[in-house]
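Two complexes are shown next, each including chain A; its partner changes from chain B in the first to chain C in the second.
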Partner chain A sequence: MAENNDTGSDTKRVLMKGNEAVGEAAIKAGCLCYFAYPITPQTETPEYLAKRMEQENLIFLQAESEVAAINMVFGASAAGARVMTSSSSPGISLKQEGISYIAGGELPCVIINVVRGGPGLGNIEAAQADYFQSTRGGGHGDYRCIVLAPNSVQECYDMVMNAFDLADFYRVPVIIQSDGIIGQLVEPFDMHPYKPMFEKLPPKTWALTGCAGRKPNVVRTLYLNPANGLEMHNRKLEERYKKIHSELRWSETYNCDDADIIVIAYGATSRIAKSAIKKHNTNGVKVGLFRLKTLWPWPDVELVEIAKKNKDVKFLVIEMSMGQMLEDVQLSLMDVVPKKDILFYGMGGGWNPTPDGVYEKISEIINK
Partner chain B sequence: MNIIKTQPKSITTDSTKYCPGCGHGIILRLIGEVVDELGIRERMILTAPVGCAVVLYDYIFCDVVECAHGRAPAVGTAIKRVHPDKFVLIYQGDGDLAAIGMAEIIHAANRGENMSVIFVNNATYGMTGGQMAPTTLIGQKTTTSPSGRTVKGMGKPIRVCELLATLEETKYLERTSINSVRNINKTKAAIRKVFQNQLNGIGFSMVEVLSMCPVGWKVPPIEAVQFIEEQMLNYFPLGVYKDTE
Partner chain C sequence: MSDKEINILIAGFGGQGVILVGNVLAYSCIDAGKNVCAMASYGAEVRGGTAKALISISDYEIDSPIIERPNLAIIMNAPSFIKYIDTILPGSPVIINSSMIDMDKAPKSKHDIVKVDATNFAIRMGNIKVANIVMLGAMIKKTGILEPQSVTNGMKRAFYKGKKGLYYINESAFKAGYDMIA
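The block that comes next holds the complex of A and B.
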């Protein structure tokens, strides 16, 4: 971490890796515990927090496995603490058991996934092939996690703070879906104090603190009785997910007004796409960008609105996968855009598109 | 009439869903008695395992977290780190602790987490109907070792106290049994010891309790007691395996 440009205020302009900014944001947001296991390309986060949490007298524990780490997250969250873990794709697969229990137990926590290539060990390059895993729950059962997708070190920092607030507010796990590029990226950003999203968060009256002066609290996911107990529990969760969908769809647009082609992307891919779009814009070609900041809930309402405004617009979905978010785009637009007008440019194997490659792909669509 | 014993105040039920002749109910009562005697109910956080004891919160009047199969030592580790002044009790069976959760218990023990563990060893998976456990004896017939457990291909039963005793950060390890009144009383003393150790900040302490599972073993309750005496005690000797005080 190199520091410069101290403005004299509470905000400092600093130079850091995405993986380190994530750690610093957690500390500033009041994260009491962090449990993790080393894996490339996220290891800078545990390394950073090992040092910083010791300085701040917080709880850092390198777990014996990803499975143990996420169950420690489960325990700390049940005990009422703000808690975080981080990993990369193969490690996140191992954590899915625990994430399912955390969702079922209505516990808040923050999970960082610095996505790398898969399946299996895949490779250690950036990828976006964990989209299905993150946005569909990932583990067993009917549940969702809020998924935030930063595309800069600044957003790594800001979104981790938001993630703690959202997790506590809705009592759901929140995933920060970073990737090998964003995690490893070093760039300057404004390190500001913790800015809470909500004036007041609900008190954690359900937390396990010993039952002195109150009835015992139980954190559970098993619903054997009554016969419809699990049905009622799942309906309650479904209501919560509907509320989240209605309140929390984050996206941003760039030059979408009058655009003939709109690129849809998130994370590192959105920045690569933006370079190509700017070049086309300079040449007078009307190309825009629809960037997702939440992968779940998916900003479907916003995208449909754009599709309705821009007559005969074509969409180009760009992903570092063989086409996962593509399915959500097709589902969102099924009533307003013919399927043939939704095009795809994807990279498998943990490899990223280049601005030139995206530029060429857009040119191809124009020249057809 | 003199009342010699009453139901422990920390126990909320006078009946459990445990099968007739099952050992869990006896252990539950012993926990209740010790919790009452030490006056720790209101500072206790209990981890319930996957298995027959999953609904412990229906029986004990304290804060409880229901854990994924085998993960209680990891869950408990975090709870104890967040609330070092609270009393954390880990309750696990043999499939939970010695099979799917072996990594979690070994590493919690190796870190010397200041927690109390009650490990119920009934040599089988009770809740799923009597399958082979890591503690199933050689020759013991289960639904997944119908011809009896063999060393070849299935290995020998794991002696957990002996295994954990090799880790230097474990502070107290004892194996007891509940096959007789004498052994039940000894089990209560061991539970008290592992509880007291945590309260005194001594460190990782565990009692392994040999317990009956007549339904899983498919024998009448009286024969289940005999099975412990005639079979289990030979392979799982009772005693203190670690006492660093």
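The block that comes next holds the complex of A and C.
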């Protein structure tokens, strides 16, 4: 499917799967190493990179397991390389120990999760039930990962570039939370050259690059001495997470002004919902959409502002899960919206909503 | 989900080029400046099993990638016809490969059935694999959703690099399918 169609300009309009766009964006963003193990529905990423990284003389390695892959990510990142891994839900669960170590070691990396149905091996259909795992850290200890949620092939491409920059800027792991629909979706998109988010990134003075002529650097996750060493480390991380929360909350709104009902969704679900919302809008019903682009940090300030502006508004959270982001919506709105006005429509296990299903759900709320 | 959105189902058995027709259509839409969004079945698919692709084409932004009721279809074999015919909106054009679907034995439907003897024709052309593109030609003539020039441009992009030699036979197949429809 992927092709290089040289039109002479820097930006090309190309056709790719979301999973393939992820791979190309990584190469353009200067990803030196990619380590992964195949799993449906994300295997197009390693398939694509197996070919492309060899062409570009970069490092592609299919590891013997997900656990091995994430620990290779740890090593490459500690050495200062831009590094990425990808998997789908059960594989991401296997990686959690490594992700905790990477977060503890303050190492930047990019992790792609093309979410499928769970728990366990679940199925291969699209799902959003890894929301808790992504946004709460996932592994042991107090840490957070930045979580970006694309809803188109274009965003798969753009957000992977952003993810490398954010990881290096804040020295945290960045997760791209895609799903079986977005990963498999084929759409044309503008393949532009790498656009750095920051004018200048902090130099990786901490990296293990050989210590001839300087004091050795140490990347560590074990803090036994002094006694309060780990506490101080946690405080430092907490300060960083607060900074990220204050600087990085991405969301977008559609027809929220004056809306009686606002749908809250991300990823594939947000697009399915938008179809239904547009149909209601043409019938004169005031429904809007609040779409999250970052799942952590959560755009709570933005949502509260909307809730304050729209008196008596009802919120409808739609997820391909039994209601995980729902809890963040309730937490964000606890002081401004009664809990009964926050409604939920969703299901786990690889179920996805349909435009008609969302349309009917909104109609039900209106007619109550 | 604008009324003007064209939602196409392409179905057949694995190996009949179902996904390829989807790709050609998507490239053609880029050429024509239309928005397009395609989803193919994935996962535990095997050669000989049923394969399907769903493609939305619109002059407007395409929101939902999930298509509930296709309003146009290309059906390549009998099992796919039986499996999917009821999902297609009644009255919609359904282009069927009559080489592999016997309409006398097929379930009754309320669709605008267009029969194309695609596989037999492709065999006579010397390559059974171009049956899908014969079907595509017929579909484009029947519906006029894209200019034929856009589709041939799309095929040039789909059959890139090592596949370039395949362009010419596919171009002939497309024209043949196009001319089969009055």
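Remarks
The rule we apply is simple: the second predicted complex is superposed on the first by the 360 of 368 C-alpha atoms of A that agree within 3 Å, B and C clash if a C-alpha of one lies under 4 Å from a C-alpha of the other, contacts with A are read in each partner's own complex, and residues count from 1 in each chain.
The rule is short, and it goes like this: a residue touches a chain if its C-beta (ideal position, glycine included) is under 8 Å from a C-beta of that chain, and two chains touch if they have at least 3 such contacts.
These numbers come from a predicted model, not from an experiment.
In the superposition on chain A, A:F74 makes contact with chain B only, not with chain C.
Applying the stated contact rule after C-alpha superposition, one finds that A:V304 touches neither chain B nor chain C.
Contacts of A:V285 after superposition on the shared chain: neither chain B nor chain C is touched.
Touch criterion not met for A:I365: it reaches neither chain B nor chain C. Within the superposed three-chain model, A:N217 lies in touch with chain B and out of touch with chain C [touch as defined at top]. In the overlay built on the shared chain, the residue A:L61 is in contact with chain B alone; chain C does not reach it.
Of the two partner chains, chain B is the only one touched by A:G98; chain C is not. Counting contacts as defined above, no chain A residue meets chain B in one complex and chain C in the other. Within the complex formed with chain C, the chain A residues making contact are 1, 3, 5, 13, 15, 40-41, 124, 180-181, 184-188, 268, 271-272, 274-276, 278-279, 352-356.
Residues 32-33, 35, 59, 61, 63-65, 67-69, 71-76, 78-81, 83, 97-98, 101, 105, 208-213, 216-222, 224 of chain A touch chain B in their complex. Remark: chain B residues 41-45, 54-55, 57, 61-68, 71, 74-79, 81-83, 86-87, 103-104, 106-107 touch chain A in the complex. By the touch criterion given at the top, residues 1-2, 22-23, 26-27, 29-30, 35-40, 42-44, 63-66, 68, 157, 160-161 of chain C touch chain A in their complex.
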